[in-house]
Amino acid sequence: MTGGWRWSIWLSILVGVGLASTLHLAVGAKSIPWNDVWQALLAYDPTNADHSVIRGSRLPRLWVAMVVGACLGLAGTVMQAVGDNPLADPGILGINSGAALFVVIGLLVLPGNDMSMIPLFAFSGALVAAIGVMLLAGRTPNPVRLTLSGAMMAALFGAITAILLLLDQQGLDSLRRWLTGSLGISGSNLPTWLWPYVAAGMLLCLVNVRALNAYRLGAQVASSMGVNLLRMRLLSLVAVVLLSGCAVALAGPIGFVGLVVPHAARLLVGHDLRQLLLATPLLGGLLLVLADVVARTLVSPYELNTGIVTALIGGPVFVALVLRKLK
Amino acid sequence: MSRWLTTPRRCPGLPWVGRPIDVLAALALLLVLTGLTLYAASVGSYTTSITQLWQSLFSAEATAAQANVLWELRLPRILLAILGGAAMALAGVLMQSLTRNPLAAPGLVGVEAGASVTMLLILVLWPQALPLSLYPLAALLGGLAVALFIVALSWRGGIAPLRLILVGVGLTAMLGAVADLLITYGNIDRVESALMWLGGSLHRSDWPQVQSLLIWLLVAGLPLLFCHRQLNLLQLGEGVALSRGLNTPLIMLLLLLCSVTLTAATVANIGVMTFVGLVAPHLARQLCGDRHGALLPLSALFGAVLVLLGDTLGRALLPPLQLPAGLVVAIIGAPYLLVLLARQRNR
Amino acid sequence: MFKARTLPDSAALALGWTRFAVNPHARQTALAPEPGGRWRCGSNSSVYMLKAMGLQLQFDGLKVLDDISLTIPEGCFTALIGANGCGKTTLLNVLARMLRPASGDVLLQGKPHVQLSRRDLARQIALLPQRTASPAGITVRELVMQGRYPWQSWWQQWSDADQQAVDRAVALADVGKLLDRTLTSLSGGQLQRCWIAMTLAQETPVILLDEPTTFLDIAHQIALLELLAELRDQGRTVVAVLHDLNQAARYADQLVMLRQGKVHAQGTPAEVFTPANLKAVFDLDAHILIDPHSGDPLCVPASPARIRELDSQVAL
């Protein structure tokens, strides 16, 4: 598929997103019928209890799910493009763990409920992890080495996080849930602080699109076509750090979304990065919203953490990918 | 002089070759280990001096309290640390040599994840289902089952290192999610003890565990010391090894089984200590390269030293809080490993 | 005449004898000297070391070996040539029993080689694959020592016979000065000689080499081929996949041309190295010249552009 826009596919993606969102708003500990959901969105009635549930708790959660899914999907696409590695994902490569560790440090170190500095901690953690993985993995694009480096960094950060949690027993309970990737626990003012960073990350991706497309042909060919490789890598690094840092700050480390979404997007819209960069946020949001629906309804009235659901789905998908691609 | 030390030679009359420098390194490590053992036996919330140690060990004049501390608390703990470190290090060498990848850890084939999930299932959901003495066996079986599943999934006329590694990573992540599930929704007391156990902690050591680990180490670890020629040959490439007469698929499977058994036994008795299996072989490789005749014993010694050091530091740093040995080893070992691998990255 | 074959292996080795050195069949039946004084194998030799019969092998539905039958005469240098992807490496791997053919047999001195244990086979056939791994920190001496693996066991890991075999191999491959260097510090040519030394230390009557000259510069290529010819003169059977046609035609006693998984031609270079065969196997238009010094055939590819240029000059 070279450049043509298949409108039917895009239309079905958008419709899918819309349906999933409505489903997300409708289900939960209390099932709310569809027309009530529409009314809550369009003709808000403050006295209706259902409407306040939708507006007050479910709608914010839906936004968070869409934003986190979009960020992770985009970060995964960029990582897979720059690393030339179909198995890259912020979770597998330890970036999420690094961001989570630094957020834990931030929460333990900062007094009170000042959430505005948390994203900065997340970004620095993601940056440290990304640099560590790049140092370990080396110059040649070797998917196995990259994956293993990431696994090692993730294990390392996990170990440090575990020690920190042992030292601070009270923090254990609330942080535990957050550390498995939970969409329900995020202060309501956190998303406001994050919009500029998310926007900046997405903008950087857009700026990089042509370079990334050229890079698909290989580093030397791209460089002979005039692509500034250093600038491309730097911009991609910053974009990935911003996007995955925002995702972790919002919802804790959620893995596998960045792995699965780019592959699914490639199946639908092809390999052209311009279309991929448009499709992956949508599909990422879709995936995470659906995962959240599953998380909330599977063991109702309890709630599974979304990160657990994505790992349970994403793990087998990853294994299937490996078995199919590596003959 | 250095040429004399680094050239393989044999004692006249004996049918084996080795390098004198490797023998010296092994002796030096043994000395370090002995010193560390003495230090570890004397440190703790009840400090004993060396003379008191000597008395408890060899004479009948020691007080009952001293003897108790030594024999019931410290000695099993020290021995378990040494044996566990050696077992994990051997498992790590095997994994790295079989996959020819310096970043392969013993937990790659899901043994640790499997054993952890099994233990968590038991500890959190059905604490009364099994007697305490059967816990290690259950963890062992769980770890083995997952490892065999991963090997079977990635089997392709033999062990394909690439597929094995990647399938292992994916399934380990999935099992990690299941473990997270159990941790998040379980009773917090049981979960805390499970977390301590998962961090690689020796705080519940006793003699039956020492016995069990010793037996597994002898069964799966000792034969390894005789497989060094095969491992050396495997490093040259599977094609080369096959054409020199090595039955490559069989040997790789057997060695993988040994690695899995050693890891499972350690996880069952001590808990998860991934980094020992990653770091100890690298430390040993700095001394002797890929010569497995020396690499295997030196890694085992390094592993024992690392875990004993980690456990002693974990006990001594912030009393009365006991940091799990596995986590301390991770913190000490990982920066060293990062620097080492970063320097080698262009290979 | 006292044949080393009747002694047990260890005794023969301990006495410093090697099988092929006193092989009564060498230099008697299959060989006849050429006018230039060089020993050459006759194409009608009835003494064969390896014989492949009806080999078939498929990868992913593609027929890589399609009913291949050929004989490798004893004490000769056989070169396998053919275009990329015609099955040369696969054939070599099947001969060395690294791959199992879907059907067909390989006979080693009359017996199917699947009947031998891996270790016994390794004492007869040594294969040097095209790509090898260089582990860190291993010296050349230790690499060559590992070639003795098929002759060792748990309790007998190093003997005087092993040491002598290694010394002989080192002398033959001329790597004596490199013994204490690590593999990663060697150049391409030196490294290849060290791998050859390791293969020689295995002391097998048959040596198979997969593209041994690929990563070497021209001087090293010639040196390697001269070494292989010397091995052949000592009575070993050498089979090599070569990609340089002229080198193959010069050094080989028997040339086997493979095309799309089948044997297209098999025989001495004089018989087989013809423009018709070259066109069929390589799709190459070439002339065959005879080297005035050695009498070996030499192929020179035709160049239509050059001929047109010359014609246009003549026309003027």
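Letters A, B and C mark the chains in the order given here, with residues in each chain numbered from 1 onward.
In this section, a contact is a pair of C-beta atoms (placed from the backbone, for glycine too) under 8 Å apart; a residue touches a chain by one contact, two chains touch by 3 or more.
What you see is a predicted model; the values in this text were computed from it and never measured.
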Geometric centre: closest chain by C-alpha means:
B
Counting only C-alpha atoms to place each centre, which chain is farthest from chain C?
A
When the centre of a chain is set as the mean of its C-alpha atoms, what distance in Å lies between chain A and chain C?
56
Dist(centroid_CA(chain B), centroid_CA(chain C)) in Å evaluates to 45
Go ahead and note the Å separation of the Cα centroids belonging to chain A and chain B.
35
Considering chain B alone, which of its residues make contact with at least two other chains?
347
Chain B residues touching chain A - in the complex, by the definition given at the top:
101, 103-105, 153-154, 156, 160, 162-163, 165-167, 169-174, 176-178, 180-181, 183-185, 188, 192, 195-196, 199, 274-275, 278, 318, 321, 323-324, 326-327, 330-331, 334, 337-338, 341-342, 345-347
Contacts from chain A onto chain B in the complex sit at residues 87, 91-92, 132, 135-139, 143-145, 147-149, 151-152, 155-156, 159-160, 162-163, 166-167, 172-173, 176-177, 179-180, 255-256, 302, 304-305, 307-308, 311-312, 314-316, 318-319, 322-323, 326-327
Taking the complex as given, what residues does chain B use to touch chain C?
3, 6-8, 10, 15-17, 100, 226, 229, 232-233, 235-237, 239-240, 242-247, 285, 288-291, 347
Mind pulling up the chain C residues that touch chain B in the complex?
93, 96, 98, 118-123, 125-129, 131-133, 135-138, 141-143, 145-147, 149-150, 152, 154-159, 180, 202, 208
